[in-house]
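Once you've had a glance at the structure underneath, I'll fire off some questions.
Going by the order they are written in, the chains are A, B, C and D; count residues from 1 in each one.
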Amino acid sequence: MTASIISSIAFYVLQPFFGFIVGALFYWVFRKIRARLQARRGPPWYQTFADVTKLLFKESITPLIADKTIFYLAPLLAFTGYLVALLQLPIGNVYPPLAGDLIVILIFLTLPGVAIILGGSSSGSPYGAIGSSRETALLVASEIPFAISALVTGIQVKSMSIIKIVDAQNQFGPMAFHYPFATVAFFMCMLLKLGRKPFDIPDAEVEIIAGPYTEYSGSLLGLFEISNVLRWFVIPAFAVNLFFAGGLGNLFVFLTLCLVVVALISFLDTQNSRYRIDQAFNFLLTWATLLAVIDLVRASTGWALW
Amino acid sequence: MNKQTITESIRGFISPKTLPYPRQPSVPPEGFRGKPEFDLQKCVGCGACAQTCPMGAINVTDGLERSIRVWYGKCSFCGRCQDVCPEEAIRLTSAYELAVFDKNKATADVKIEFESCPSCGRKFFPAPQLKKSFEKMEPILEKRNISNEELRSLDRVCPSCREKPEELSKRKLFLVNFG
Amino acid sequence: MLKKIVSKLRKKSPWVMHVPCGGCNGCDIEVVAALTPLYDLERFGTLQKGSPRHADILAVTGPVTVQVKERLRRVYALVPNPKIVMAIGSCAISGEVFADGYAFAGPLDQIVPVDIYVPGCPPRPEAIIHGVAQALARL
Amino acid sequence: MPVALPIGPYHPALKENTYFRLEVEGERIVNADLKIGYNHRGIEWLAARRTYHQDIFLCERVCGICSNAHSTCFCQTVEDLAHIEVPDRAKYLRVIVAELERLHSHFLWFGVAMHVIGFDTAFMHMWKDREIIMRIVESITGKRVNYGFNTIGGTRRDFTPNIVKSIKDGINAIEKAADRIRNTVTRDRLVKKRALDIGYLSVEDAKRISVVGPTARSSGINADIRRDDPYAAYSELDWNVIIRDGGDVLARVVVRLLEIYESIRLIRQALKSLPSGPISTDISQLEFPVSEAYDRVEAPRGELFYFIKSNSTNIPERVKIRTPSYMNNAALTTMLIGNSTADAPLIIASIDPCYSCTDRVAIVNVKNGDIAYATMEKLSRKKAH
């Protein structure tokens, strides 16, 4: 009994640090691959740590016209969303003490989007407002295919527990082979969740500067940066758990698969230009949703390979 | 997405095009116009560069000696000074890493001694320029069988001393000889 | 100890905001060129940022014209501390050819404190990299 | 109820400062207003206070991207004014450097356009290829930007055999790079989706606003100063004027793309028939009559116009510059209305605006002929009275 309490406390303490470090390295891998694909050399490995440390120890300015409570709350909310999702995820052979629930993770992954909307609209800058409105539109468009494609796996194993989904895949093979359409739809939404091209519309630099982040500075921006780092671990890990059998219960295979996902995302990011907001909206609501729904129908009617 | 960008990206992935600049110096091509520098030996202090500089980056200040200073914080590196310099004393080198913390230190200067007037001792004219003009006059003077020394003694006198009666008579005599 | 680590990491992550102040476009283009594959400022952790709130370094180009003077002051005030101002190009340092003009409100260091000057008309991208490297020593 | 959305004066899409006030309903632009003047440096006023030789370098700094077009135009106007004959070799050298400048400007523009629609990889690749041209230009003239290549009566530097060879090699590399741009721009589905049918400018509007250069040629107006009013050695060379009648951003992309190939053709021809001889006339005995002259040059962005009035001293009495971007900017309001705000930066970028060129405002008092040069501040104060 005591041993399990100690191990669960150790899990809750160590998991965030592990997630942060691996996420920082994944983010660096993304930047490095992007630079190399652009024929450049790219930043050194400690870059993300340097960025976060610098921001945390920098002066933080609050705009006078900002709604202060929401302005301060938004970065915390985004951070909480990713943190809770992270603590629900099994990582290779390390299982969380409280079995992760798919629905809970999906809800907490929506939280950062909401936080960005709140932060952007409370900052009092026109760019923040437009960024927020764009983020809202994209959140609406992306949550449907994202949730459906994730739920496909849960419906298949008739349980919403992540551990059960992973275990079932260890038995029957990864979901990506059984539900390729849902996997593709999930990947499209992942690009958006990670704020990558062609869906980086809310903070499109040339159009609306930094969008919702425009008025954030110093440690508040640093908090956003930390949640950005966490999401670079949470979202690939979520994908690997759902569709690639959680790395077959092996931490090394798990991390390698995450890395492959990150590399794929980096490649797609460099090879695409940005969608216009209406184009992205249509694309997600038609193609991504269609793909997700095909596999949803297959899963719920039992018309699948296993 | 398109095929061209993908192939080029992969090519870039294998061999990035970034120059190893801070580790290895990046040498500009021949004829590059970088930091202007004076050749201290060649400069005669005529100030033609300051006259022609389109930016007004070259300053001539006369004190005990003539100091010509090019402030490359104001320089446009056009090379007009190099074009007009009669002695090829100012040259645009290939140095380009000019970042400085104090903008007043971004200068290259040369100090030219003045010739002092033998009768009143006033310093009035850059000595090397006077010397150079004598050298240029020499062939003409030789043709006319006039000694260089005579001209030299006349021209070393400052403008205010030239007004004195004895100097005036000397100059008149010289001009008569000169023809 | 912590201070040391922070100041060391700060030097590894300089985010630049480029502020054109009415120059001829030459320096602006060279600043952008310094980000492109041949020169790649991202090697040193530099990112170009559009918002002054995110910037550590203000890369100011051009003679400061009467019109942009106040705006430049405002942008400078928006940048959180610690910050560095780079005067890129001879125009920003002295006004160069525009120094005699009526529309010239500079030079830059009379409007905002400048940390490093990079002469050149325009400076080569290498010279800008050199300037950034020098400036970081002061951060 | 329209909401005002500012773009600028400091904005990442604009490499220079200018101010757009867009009135938007949702994401749709219903009205657009452009405020220029942030880059006003009083160049024409300064030009009337310097000698002709110093003015060359001043005019070069009107715009850093098309600096050579400015100095060429200024020198040609002075040559017209003082009846100076330029040697043939200098004319050909001017053509080559002008076309190299057009190449680098168009490459730059393609990169910026790609950056604006978020295709950063293509932007990086295009700017990587642009460096080939920059290296050539640097070895010819000694500088990457603001070449200082022209002087009154010819050029300041000659081509050595080494340089001729490096240009020939470089041009081959540039042609390959141009092919890459063509493949990227014409075959990318997303790029086409973003550029098609936005920022439309009809022939009538183009004529009414008098746009120039590639912007005019992509709206179906057949105008190119290099052919209509040939200068330097353009009349002796054979090339085509590219015209498209699409009028949208994609047409402007295509026109600039094909112009790259024409520029490459021009450089090749000019190198082949490069005459030998002096590169500049001796102008030590130069005297300026009291007269006036004007000259036009096709800069990368369109027609550039210089007018000089002289007064027998070595300082011009009046220099008037009309830059291509000045004309093209006027078309922006027409182009922007009815489009989405997300397209606004691309539309603005599509005319390749250059605010350092544009911002030279002058008020002429018709009654007594006084010319007062005004900053925007003064102008707005005047309105208030």
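Criterion: a contact is a pair of C-beta atoms (placed from the backbone, for glycine too) under 8 Å apart; a residue touches a chain by one contact, two chains touch by 3 or more.
Nothing here was measured: the structure is a model prediction, and the numbers come from that model.
A comparison of the B-C and B-D interfaces places the larger number of contacting C-beta pairs at B-C. When every chain is reduced to the mean of its CA atoms, the largest separation from subunit A belongs to B.
Centrality by C-alpha centroid: the chain sitting nearest the overall protein C-alpha mean is C.
One finds 32 Å separating the Cα centroids of subunit B and subunit C.
For the pair subunit A and subunit C, the distance between mean C-alpha positions equals 34 Å.
Put simply, the C-alpha centre of subunit A and that of subunit B have 64 angstrom between them. Residue positions 35, 37-41, 205-206, 209, 270-272 of subunit A each touch two or more of the other chains. Residues of subunit D in contact with at least two other chains: 11-12, 57-58, 61, 121-122, 124-125, 128, 143, 146, 188, 190. Each of residues 1-2, 5, 8-9, 12, 16-18, 28, 54-55, 76-78 in subunit B touches at least two other chains.
By the touch rule above, subunit D contacts subunit C in their complex via residues 9-12, 15-17, 37-43, 45-46, 49, 57-58, 61-65, 67, 108, 111, 123-125, 127-128, 130-131, 134, 143-146, 354, 356, 359, 373, 375-377.
If you check the complex, the residues on subunit A that touch subunit C are 31, 35, 38-44, 46-47, 49-51, 53-54, 57-61, 205-206, 209-210, 213-218, 221. Every residue of subunit B that touches subunit D in the complex is listed here, in rising order: 1-5, 8-9, 12, 17, 28-33, 52, 54-55, 76-80, 83, 92. For subunit D in complex with subunit A, the touching residues are 5-6, 11-13, 27, 114-122, 124-125, 128, 188, 190-191, 193-194, 340-345. Within the complex formed with subunit C, the subunit B residues making contact are 12, 16-19, 21-22, 26, 28, 54-57, 71-78, 96-103, 106.
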